[in-house]
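Quick notes on the structure that follows.
Letters A, B, C and D mark the chains as written, and numbering starts fresh at 1 in each.
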Amino acid sequence: MTQPLRVAVIGHAFMGAAHTHAWRTASRFFDLPYTPEVTLLVGRDPERTAAAATRLNIAETSTDFSQAVNREDIDVVDICTPGNTHAEIAVAALEAGKHVLCEKPLANTVAEAEQMTAAAERAAHRGVHSFCGFSYRRAPALALAQQFVAEGRLGQIRHVRAQYLQDWLADADAPLTWRLDKDTAGSGALGDIGAHSIDAAQWVAGQRIEGVSAMLHTFVPTRPLTGDTQGLGGTGSAEAARGAVTVDDAAAFTARFSGGAVGVFEATRFALGRRNANRLEINGSHGSVAFDFERMNELQYFDGREEQAAQGFRTIQVTDAVHPYTDHWWPVGHGLGYGDLFVHQVADVVASLHSRHPAQPDFAEALDVQRVLHAVETSAGENSRYTPVERHQV
Amino acid sequence: MTQPLRVAVIGHAFMGAAHTHAWRTASRFFDLPYTPEVTLLVGRDPERTAAAATRLNIAETSTDFSQAVNREDIDVVDICTPGNTHAEIAVAALEAGKHVLCEKPLANTVAEAEQMTAAAERAAHRGVHSFCGFSYRRAPALALAQQFVAEGRLGQIRHVRAQYLQDWLADADAPLTWRLDKDTAGSGALGDIGAHSIDAAQWVAGQRIEGVSAMLHTFVPTRPLTGDTQGLGGTGSAEAARGAVTVDDAAAFTARFSGGAVGVFEATRFALGRRNANRLEINGSHGSVAFDFERMNELQYFDGREEQAAQGFRTIQVTDAVHPYTDHWWPVGHGLGYGDLFVHQVADVVASLHSRHPAQPDFAEALDVQRVLHAVETSAGENSRYTPVERHQV
Amino acid sequence: MTQPLRVAVIGHAFMGAAHTHAWRTASRFFDLPYTPEVTLLVGRDPERTAAAATRLNIAETSTDFSQAVNREDIDVVDICTPGNTHAEIAVAALEAGKHVLCEKPLANTVAEAEQMTAAAERAAHRGVHSFCGFSYRRAPALALAQQFVAEGRLGQIRHVRAQYLQDWLADADAPLTWRLDKDTAGSGALGDIGAHSIDAAQWVAGQRIEGVSAMLHTFVPTRPLTGDTQGLGGTGSAEAARGAVTVDDAAAFTARFSGGAVGVFEATRFALGRRNANRLEINGSHGSVAFDFERMNELQYFDGREEQAAQGFRTIQVTDAVHPYTDHWWPVGHGLGYGDLFVHQVADVVASLHSRHPAQPDFAEALDVQRVLHAVETSAGENSRYTPVERHQV
Amino acid sequence: MTQPLRVAVIGHAFMGAAHTHAWRTASRFFDLPYTPEVTLLVGRDPERTAAAATRLNIAETSTDFSQAVNREDIDVVDICTPGNTHAEIAVAALEAGKHVLCEKPLANTVAEAEQMTAAAERAAHRGVHSFCGFSYRRAPALALAQQFVAEGRLGQIRHVRAQYLQDWLADADAPLTWRLDKDTAGSGALGDIGAHSIDAAQWVAGQRIEGVSAMLHTFVPTRPLTGDTQGLGGTGSAEAARGAVTVDDAAAFTARFSGGAVGVFEATRFALGRRNANRLEINGSHGSVAFDFERMNELQYFDGREEQAAQGFRTIQVTDAVHPYTDHWWPVGHGLGYGDLFVHQVADVVASLHSRHPAQPDFAEALDVQRVLHAVETSAGENSRYTPVERHQV
């Protein structure tokens, strides 16, 4: 086994568990220059944190993230908490010389994201890396799409069509959670899932979004409070059984890309029956690709330069030894699952630690997504008028 | 056989042939109060018209549409010509007491469409009917979607997602045709195929579009001239081998509906590999439907009120005796084709001639689509700002 | 218009209507050396026949097929009656010098089919043609599959996988009909739909079935009698409300082909949810094709010689101008329907009348299918032992 | 953490790695009465074994399986070696009081499988459990199918349709491996993948196969020898560069089930383009289910008792909290992968250790599959005649 790489995971919910599993699994399937070990789990509530650590088999816990930042034996700080806490933890960790992997969206505001990116650039001079967890880039089929575009197979890109459709809020009486509170989550469908679409679209198309015309909408303005959310906008009365939803339920926008493509984006948690339809289709002058995470092991590919009689969208099972990531796993046709994306992310991150070039996306890339999110919110607030994405040096 | 219904078809290209076939076929499969006969074919070029009449087995031809309007023995004038000619022919025919079936889009401008609708309303008082050929309403699967929404199965409608994707212009050297000339065609992808999406979306959702935020784009600004299009913008020089495309190649817009739904629309002829993907998905609080014309005999239906373990989108083969139109044709599982939509359209039109209520959509309905198209163009010309659809009494 | 070709249609149920529609439509879309006209409709019941003739717009009717055979002005006799009547009508018509199009299966027994084929061969010397209505050969996607195999794209054929799945008998109380009576129908799922699979498999694979090992099964041995079926095996008692099903409900067999391929066939009317899943998949050393009539406008094609990273089954929309039959119809992406297959059949038949080579399949080809059916029944009756298909000169 | 459960894994190829990963992962996601630890890895070649142990992070290795059997601190022996070694290892381990998990097929012959089952029954009296690794039973979608049938949703089962299609031998010059050698592998496609179909079919349908009529075929009789396979049938000459394939390339059989269903089975490694299409469809009198491992997170379900207009196969995303296994993983719509099946298998095995009833399938169940395989081989050797499956007390 290679030298250990000690990781502190901050947060132990859905994402914390997925990341911990990935840190532990990556070196069993990938040849890595270091062998990751999750050394420390940090959470707010001591009892829940201890219980999670037991289940996840992590030796030490803390309720204070500064422990992770200050301990000399920690190499990587992995941030899996809500967006409003990212900046503080990430900046402290980077300044302490820890590599940082931060869940997406990078932050709740552009200002925070800029502050984090500035810290990341300072740290980079000292060989410290920053990463943002846009994990869908690690889906072999989406990575293959990116590769096909980069190889020029699609020719000049004209259309980008991105939908991220979920339905877990379709019930108007589903409870209020922190994800529906603007202060904690930053935004709703837009930042939670639309951010994935923006990152994937720019990465696969190889073009930046230059401007957007956007609409945000909240279908269900109040929701039942639960024990965990009684602080969120409720009052003491009986009526107070419901609290205000302060984020968007759905977001839609058109976009213009730097290379001349036009885009249509939609993100919602109200598309009943669409459980996790993270879809991206790109049409170029020579070919097209289409991806839907609900069938994550498949890429649709159309080659318009083939003989006409045999043209058609192909369903590529992206499980072959020649495909991204998949040669490390099972024989062809034996698909991967959602949890495996995080293993790939860890493998990419660890593999890049020796390099001058961190695995992508780093904080600068993630800031760019944040700026698009900001343009979307600005346009939506100004009658959908076309709004350029502002980009300047941090 | 029932009493004859004599039809004059104006235009003999793709649509003229499809309509003629339908007039002839409908009474073989549907019980109709009249038996349609195509008596007269009108076209601009006498030789081509005669050749078409021979192939289509139509006894008489003319190069002057006023013959169709003025002859006493004609009951229906069926207009299958480009949009810039619709108003003149339709108004004359209605005033002469002929029922009019007019291809979509109703006209090239709102002003023309209003003039036609005014004529149709005057004619209606005399028992004369107007119809507009939004033929996709006659697809059994789309009609079933409309029925499911009308029955309340979907609950409150939240999302309308309409794409009409074609690819026949993806080759930048495909020739210039009248469909790319604003004066003749009115608009590009927007009016040609986006109009179908607008009509279908409003009809199926049972809600009107109240306003839009839109983007139009032309990817390929000039195209090779052919014999037929040398009048379109070319000059005498060698460079003149290409003429200007004066319409949109692609249109995209977000929309707000009268009942609270939000919509995302896209129409393009550059989605390589998508041959005729006329798609409509609607998500409500109880269920969802999704249609794609490339699989025209299928409707996807999701019922969110079923027990959770068994929920999923169903692929309904809309070919059963209980489905719209299909009991007149083949046993279940034996699908219909594009040409059959026009047979259904004829059947609906002829069946309604006795009634006070013409088959839908009539000119007033089609004018409404025209107004949405106009709002789209206005918004696209004003930086995509949100633009209400203007509706007033004709 | 070209010279008329006068057709007598025998039978006016589902198939009679489909054929009549096709005779009338073909010359509107295809350039044919003759213009077909259905002159005479023959049926057993005079009232029903007259009603059908009115609906189908056929001028003359008769209850005696010999009228069709003996009239000088009839060119083609088109047999759309149950299998037990085919031999008598076809032989008489051929001997009278009429071209004969006979619905499949050619006959109820090999002996009848041989008699018909002998008559057809005698007639062929006088320039009289025979055809059997295996209409699925006219599906553009299946025809493209055949073309791909014939071009060698699939290499050496190894696997033939044919399923014909319907479900209209899944209800054990669906009534007894003539299709469930061995004397009238010859066999059940085997002859009705399995025959289509056998013909398609041999035609597309380009190989003959050499032997089979088969199983036949009847799930529901008795069914309610209706007015039409009270002659079929019922007695006078109350119990007699049900009559015996004397044919197979399902058939399954493995097969060996002349070129070394192995085959698996299944035909049933009890596959609940499969409405008309006529499926054929062929795997060769270089590629594969797969067809399912429920998506009749699509062909799945896999090319194993492409670069590995981009391999996958393509969904070809077989609606392009370069595909079989489809250039006569609509633009790409506008699919055809079941009824259009019969138009193609008529077009092929009429086009071949000048030629020495009748359109395929002729009676000899259809006899070959009959012989395979016979081997299947023999094997099923002898403990499934492998049974060679017997072929000898007629 | 719960008390440790010490596991020795025998074999370190594809299956050994998959199992080791699963033993390590299961207790992170499932609440188990023991916490598994892989203590020992056994392989034939000391260097390869050591390298695998390093990668898989297993502390101890051995080249002698008897170490695993004899050590007191081993609780479970997990057999991941070729079929010809199963009996010896399993019997020794069971007699030594170790729980045994043995990969499928249980053995290469019925005699061996009977011997193993007898040992398992003796061991069961001492509280020692046996399991066979038919891992597809752990696919949530297939488990849901089994549950639906067991709940009676499908009514009386009529059709079982099982295909297991792979293509990794389609290239006639793919090298000879131990899987193509009868002495080592027992049989070819039949035992390797057909065995999965047989187990799944009997388990989901809830019926035993009573008899079969079968065909086996070898398309490519010789293949190039590699370093690893030079002992397999080659001679010293140049020609000897190829060795004999002594197993079936493809297997096909029809079957009769104990409850009246009829079955069609096919297993092949020559279905070009089908990478790992492990498919099972079952049709009953009330409904149908269909599964394809290439889309392992989906189950197709048809309910024939719904209102007719809305009937259709549903695509259930079997990733919901109410579905088998999936509540331990990710939110709905975030699918699982092949590797996760083994985690489920471990979870089931460990959970059952306290119980009197071992997780299924145990050796007795796996012996039953072996007996069906034997009947298939017998029938194929006797002209495909129908051959009952022989079952008697061990």
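The definition used in the following text is that contacts are C-beta pairs under 8 Å (C-beta built on N, C-alpha and C of every residue); 3 or more make two chains touch, one makes a residue touch a chain.
The shown structure was predicted, so the numbers you read here are calculated from the model rather than taken from an experiment.
The interface with the greater number of C-beta contacts, when A-D is set against A-C, is A-D. Distance from subunit B peaks, on a Cα-centroid basis, for D. Between subunit A and subunit D the centroid-to-centroid distance comes to 36 Å (mean Cα coordinates, whole Å). Rounded to whole angstrom, the centroid-to-centroid distance between subunit A and subunit B, based on C-alpha atoms, equals 41 Å. Centroids of subunit A and subunit C (each the mean of its C-alpha atoms) stand 55 Å apart. Residue positions of subunit B touching 2 or more other chains, listed in rising order: 274, 311-313, 317, 320. If you check the complex, the residues on subunit C that touch subunit A are 144, 148, 299, 301, 303, 308-317, 320, 322-323. The touching residues of subunit A, counted against subunit B in their complex, run 158-159, 161, 163, 167, 170, 172, 213-215, 217, 219, 250, 252-254, 256, 260, 262, 264, 266, 268, 270-274, 281, 283-288, 302, 304, 311-313, 383-386. Remark: subunit D residues 1, 14, 17-18, 20-21, 24-25, 27-29, 54-57, 166, 168, 274-277, 293-297, 317, 319-320, 329-340 touch subunit A in the complex.
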